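Scroll down for the structure; my scribbles are underneath it.
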Amino acid sequence: MTITPPALSVFETLESEVRSYCRGWPAVFDRAQGSYLYDEDGHTYLDFFAGAGSLNYGHNNAVLKRALLDYLERDGIVHGLDMATTAKRAFLETFQNVVLRPRDLPYKVMFPGPTGTNAVEAALKLARKVKGREAIVSFTNAFHGMSLGSLAVTGNAFKRAGAGIPLVHGTPMPFDNYLDGQVPDFLWFERLLEDQGSGLNKPAAVIVETIQGEGGINVARAEWLRGLAELCKRRDMLLIVDDIQMGCGRTGAFFSFEDAGITPDIVTLSKSISGYGLPMSLTLFKPELDVWEPGEHNGTFRGNNPAFVTATAALDTYWADGQMEKQTLARGEQIEQALLAICAEHADADATYRGRGMVWGLEFPDPARATRVCRRAFELGLVLETSGPQSEVVKLLPALTTTPDDLDEGLRTLARAVRETA
Amino acid sequence: MTITPPALSVFETLESEVRSYCRGWPAVFDRAQGSYLYDEDGHTYLDFFAGAGSLNYGHNNAVLKRALLDYLERDGIVHGLDMATTAKRAFLETFQNVVLRPRDLPYKVMFPGPTGTNAVEAALKLARKVKGREAIVSFTNAFHGMSLGSLAVTGNAFKRAGAGIPLVHGTPMPFDNYLDGQVPDFLWFERLLEDQGSGLNKPAAVIVETIQGEGGINVARAEWLRGLAELCKRRDMLLIVDDIQMGCGRTGAFFSFEDAGITPDIVTLSKSISGYGLPMSLTLFKPELDVWEPGEHNGTFRGNNPAFVTATAALDTYWADGQMEKQTLARGEQIEQALLAICAEHADADATYRGRGMVWGLEFPDPARATRVCRRAFELGLVLETSGPQSEVVKLLPALTTTPDDLDEGLRTLARAVRETA
Amino acid sequence: MTITPPALSVFETLESEVRSYCRGWPAVFDRAQGSYLYDEDGHTYLDFFAGAGSLNYGHNNAVLKRALLDYLERDGIVHGLDMATTAKRAFLETFQNVVLRPRDLPYKVMFPGPTGTNAVEAALKLARKVKGREAIVSFTNAFHGMSLGSLAVTGNAFKRAGAGIPLVHGTPMPFDNYLDGQVPDFLWFERLLEDQGSGLNKPAAVIVETIQGEGGINVARAEWLRGLAELCKRRDMLLIVDDIQMGCGRTGAFFSFEDAGITPDIVTLSKSISGYGLPMSLTLFKPELDVWEPGEHNGTFRGNNPAFVTATAALDTYWADGQMEKQTLARGEQIEQALLAICAEHADADATYRGRGMVWGLEFPDPARATRVCRRAFELGLVLETSGPQSEVVKLLPALTTTPDDLDEGLRTLARAVRETA
Amino acid sequence: MTITPPALSVFETLESEVRSYCRGWPAVFDRAQGSYLYDEDGHTYLDFFAGAGSLNYGHNNAVLKRALLDYLERDGIVHGLDMATTAKRAFLETFQNVVLRPRDLPYKVMFPGPTGTNAVEAALKLARKVKGREAIVSFTNAFHGMSLGSLAVTGNAFKRAGAGIPLVHGTPMPFDNYLDGQVPDFLWFERLLEDQGSGLNKPAAVIVETIQGEGGINVARAEWLRGLAELCKRRDMLLIVDDIQMGCGRTGAFFSFEDAGITPDIVTLSKSISGYGLPMSLTLFKPELDVWEPGEHNGTFRGNNPAFVTATAALDTYWADGQMEKQTLARGEQIEQALLAICAEHADADATYRGRGMVWGLEFPDPARATRVCRRAFELGLVLETSGPQSEVVKLLPALTTTPDDLDEGLRTLARAVRETA
């Protein structure tokens, strides 16, 4: 496929220099369906990025689309602040019946504003309020968002520098395997907590991703997560799982922490919760933590009812039984086999891979290689992104609904891109 | 109208105690059209709140709805991160042609995530980065959002307490007329700036609303705004106008600061910018301030393309000429007359009113009265909210598209509610 | 007097650039007695600076010297941490009998480390602990010290910049007459406190100097201080008077707040409390505020016993009756007359003067003039310093024990210096 | 020895509850000479605490006393701000000739106010100013002082809580052997620094004690200190050695870091620098770091000239040759032998000992034991203190001038106290 220069002028002249993804994918996209994006010049792209994990059911999923169109056509409430609406009730009931009850999760549900960072801000506020402490522990290479509260517990130095003020009240701890297995899990964290002279302000909460998506597809082991949950309980800290990118089935189960058998105190969801790429987010917490005063945290768009409609349809369609989870795990094996083959073929490049469910990373010791692979893949019609502190990891995040054939095609294109960037 | 108890159970058992508006309006809303809301029990409500200013063109505006449905039906990109899309280009071009160029405004446009607080966070980050200083000056009774950066420049003590950490780096100054005319404008602020011993950390920027919506419908005079702009320029501080609630025509002109003849360095827009109540926000700034690095601030939903579609339709429909502005000012006079009459009728209650365009406040010295008025109005089928630090102000925020007859009906209902709560 | 270049080389090569006073007074001082300093080149200087207020009883006061020598000779405890010692008991008993009881002041006494900034740090810690709040209100042009806690409530921008971190948790309010009488006292402060939407974090305490020495000899009126005390009481904030420079009789009474008839909750003393220029400081507070845990604040040199010995001797010698206070007021009148004459003589320079007791300031609209006056005075054998944010005020701070003749000589030298710098 | 109840009433009624040492040593001390303290009831105590390390040459050392008395008698300058004085010049020249030059140390000398915490505050300010960064790395169980800047890098949770505000800008790292040898030195620290996604704000400086006195007599190995110095250099961080307690010969060499062969960028000295227990402190730094503006950091008592006099005498007397260092090491061996014997005798108590030069710790797994040992020792006429986060370590800090016989007596008393508290 040849890319003719797209007509980008207004983006280049009027939009801020802060724009980023559009720089790596120089095309003007027009339509999308399932796993495919179409630009205005007639090119087709297989999407292995899925809106950074916001499109687990693919672009413009037909079932969700029907529900959304019906709702809009009949003038259902679109903007609802935090008023009670029929669409919100349907979502709440479905979320309770399809997600919470079968998993025996006791959570209360908060609509904190429809972006991930807002869900994290609400989680941190609540943890601080409940515990009466200000300190939060996060992990190396964590990503939790761009507003000041979330940014303070995000690892990336470049993003942090954007704050313009010193980011405080957060302390990083080593994520699973950060020290390459040389150190027992939580040795440092535990010592800091038990020692009254350690200098660590006693944390209100620990915030963790089970797999760090932006941080480089770093996968926490189930036993590490259990160890963390146990540590939090023993040391009177709340455990917040930020499941914004890894929740909604990305790793197989609906919540990414289910496999580990833990029940976090607070969970954040966003990205794929609406199912259709519409802004929506949730902060879930154990009922005894629901000490909010009415209106203590609010936001104009926390009642984005069209998102409730597609979210309800998505839960009904994909999560009423265990099929989706099984399928994701099967697709995951397909990806793993392909990555195994790529790494074997390029043993000289010392590439490694890791992942779970349908989120995978392919890391190159030479960080520039990952960027070159993604660039070449795009030329070949495959949308891929890098992640990790030095953009050293090619990140695979296809829609969960990607067909085995499409998955195969994309993985072959990836293999070719790796080959052609050697 | 009699309100039968609505079926609220799942909201009460599953949703967090943080919910607020739904408590004052005990109904389950189902549909909406123009200035009317309909609940599932068959009741109709005239809406004088308009999604806290997010629905300037009414609920489910027919023109915008058509554009939205067409776009969704043809599988236009829904979730676009910050990729270039045809819908985004159309919005940018229209925003440039209809809004920026006719007003000779040189702004670059940033999509910072689709909520108001995210637009404010981006504005504050940018100001700090540009000036290399951390301090921000805000005003008494300001409201800028709930994430930590925005909350630190928000006045409300109850909201601030929710942070769970000391909110720092912001210093409040008196808003226009805060000291009841006893003090020359900016006397205190100017002295702090000119005195090297004042103890004020030199501010990077000043953030201001032209009318404080949440703060109690406090209206800044044009000369005060000009004085502030002049002070900022002279003292090398950036001027940020948070036009999230008052922009998009609420006061008449598209931007609420146009009448004052000032050009802020940074402007935030959200709420009614999409026109359809869909999450969207913009941070605008002078081109010389565009020092962002690519990706230095990001967010999953900053490319909410359906919102771009309705935003484009709204600009084309309502802002291609000066009709909307004239109409808003005319409707504003209608409201003012009614408030004048109400205050005259209840001279004993010492009520006062104030406002501009189609945003008005009716204040009672007895704060409980405002809440009673809103409650009674709801029983009478009128949706109204209070604002101000003690909820002492009845806030009128009808859609700009409200017909004179509907406006008249609502104002008569308000008058009755005032009468019946005497 | 001609100043031959003093032998300063080791100071210039080995001592840090941070040295300051020595730059304005290029001499190597060797001995001192009463109001006179003697340099190693045989020059004599009349001292109108008195160790920045640390030598209220003059240099090497003979009575104190005898007590000190006796104590050292008999091997009294020199370094005592916070152990009970006979010297400390003598001081405590004398302080109680001579200072606290006659004034009906109920204070507990804390030895917080022997410098002023340490006394302020202890005061701020205690206030925050008692009230459970972090915010402190200070005043424009306040000076409280150089360690981070004290610096955060100090006004001078140059000193603040030295912190290297944003100084937070403090908010400046206008000192008495800061806005030139255009604004009623405490109008702004009171509004901020009463308004739940003002954005001011509720303060734990207010810290104030009755006369701002470093800030430019700004004298608070007694009624302003009473208004402040009343405001603190009514709004549940602790009142801290930093009496480090103005206490120990500088203004006439032992405490500078006595004239105003107020009883601060917390008082800091240092500088002249030892009487001999030895490091010592006290933090005094009402007994109900004594919620310290043992050792919660400590410091190696808080038991500088030689200072206790001279402090005891000073209290016994000068404060057993009311003579010192009367004498100081009389000397103050002598100074005032001289300043009146100087200002009258130089009406064209628009100089103004202000002060109380034996602390006075002579301000020139042209800031450079004050520095020139002090430089010329030094050449003429008179040690004087400037103060104020732009060093625009010549500060008169002679020892309280200065004889009328010496005072007269110094004032005539000052008049000559003013004349010769016209 | 029987302790009759001392006359403590004024201490108990007038002095704040914050007093601490006096609680463990219920006596009123009157005189002191060399290694002995005498209370007013005629009891004699052998001092193994030495003013928390401020009395390395013993109480009221005769040589220093003579110099001090002479100076005071001849009316030498006592309070000198930062004026050039003959006493200060003598000190600077002696410090240069006796301390800096022979060790080839290039430091500039700053007099930051006469307490340890002030020296640390100055060091931190300077490091932040030089590097333009706010973050500081400190170590577990560090102790640097009680003012807010120093307290933020101090480990003890009880002391930190006294701040009343969240202490930020500091991050603790594991001190040498903190993780019991399970982790390679600096593994965690190095990973945080090299990883752009670690979340650690890049530090301006690292502050470290070579032996943590308050933290429990934790001794850093020379190779660990060298590793730290190398890491600081490689990662562009300044190395601050806080030698307030361990400097001035406590470990043998004048500076405690000499053995490791490192040259810190900044060094703080206080406690024994005056030699006589008089308040004095120094901040030393490499000349290229001397970016202070005149007066950017100041303090009333930074020119405590009597301390300069005794400091000069102490350097001249004890540091002109290498005798003191040799003697300290020999005395240290004497202590070590005694501790070895005590631990062997009480193998069941699992006591361990550690130390260097003349600073040693005897740790008991049962923390209450250490307190009991000190209490019993005091009854037996030996002044001893505990240290460590749980006061679990008996701390031996005798004057460097303690005779072998006195040392032996004290060690035998300690052995008896251990025996009698079994």
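Labels A, B, C and D are assigned to the chains in the order they are written; within every chain, residues are numbered from 1.
Quick note on the criterion: contacts are C-beta pairs under 8 Å (C-beta built on N, C-alpha and C of every residue); 3 or more make two chains touch, one makes a residue touch a chain.
What you see is a predicted model; the values in this text were computed from it and never measured.
With respect to subunit A, maximal separation of chain centres occurs for C (centres as means of Cα atoms). Here B-D and A-D are compared, and the pair linked by more C-beta contacts is A-D.
Averaging C-alpha coordinates per chain places the centre of subunit B 58 Å away from that of subunit D.
The distance from the centre of subunit C to the centre of subunit D, with each centre set as the mean of the Cα atoms, comes to 30 Å.
A separation of 50 Å divides the Cα centre of subunit A from that of subunit D.
Multi-chain contact residues of subunit D (touching two or more other chains): 134, 158, 165-166, 169. Residue ranges on subunit C touching subunit B, taken from their complex, read 134-135, 138-142, 153-158, 160, 166-172, 174, 178-179, 182-184, 187-188, 191-192, 195-202, 215-216, 388-390.
On the side of subunit C, the complex with subunit A involves touching residues 165-166.
Within the complex formed with subunit A, the residues of subunit B that make contact are 6-8, 10-11, 14-23, 25-33, 37, 40, 51-52, 54-55, 59-60, 65, 68-69, 72-86, 88-89, 92-93, 95-96, 108-111, 113-118, 121-122, 124-125, 127-129, 134, 145-150, 152, 158-159, 161-166, 169, 204, 244, 270-271, 276-279, 283, 285, 290-301, 304, 306.
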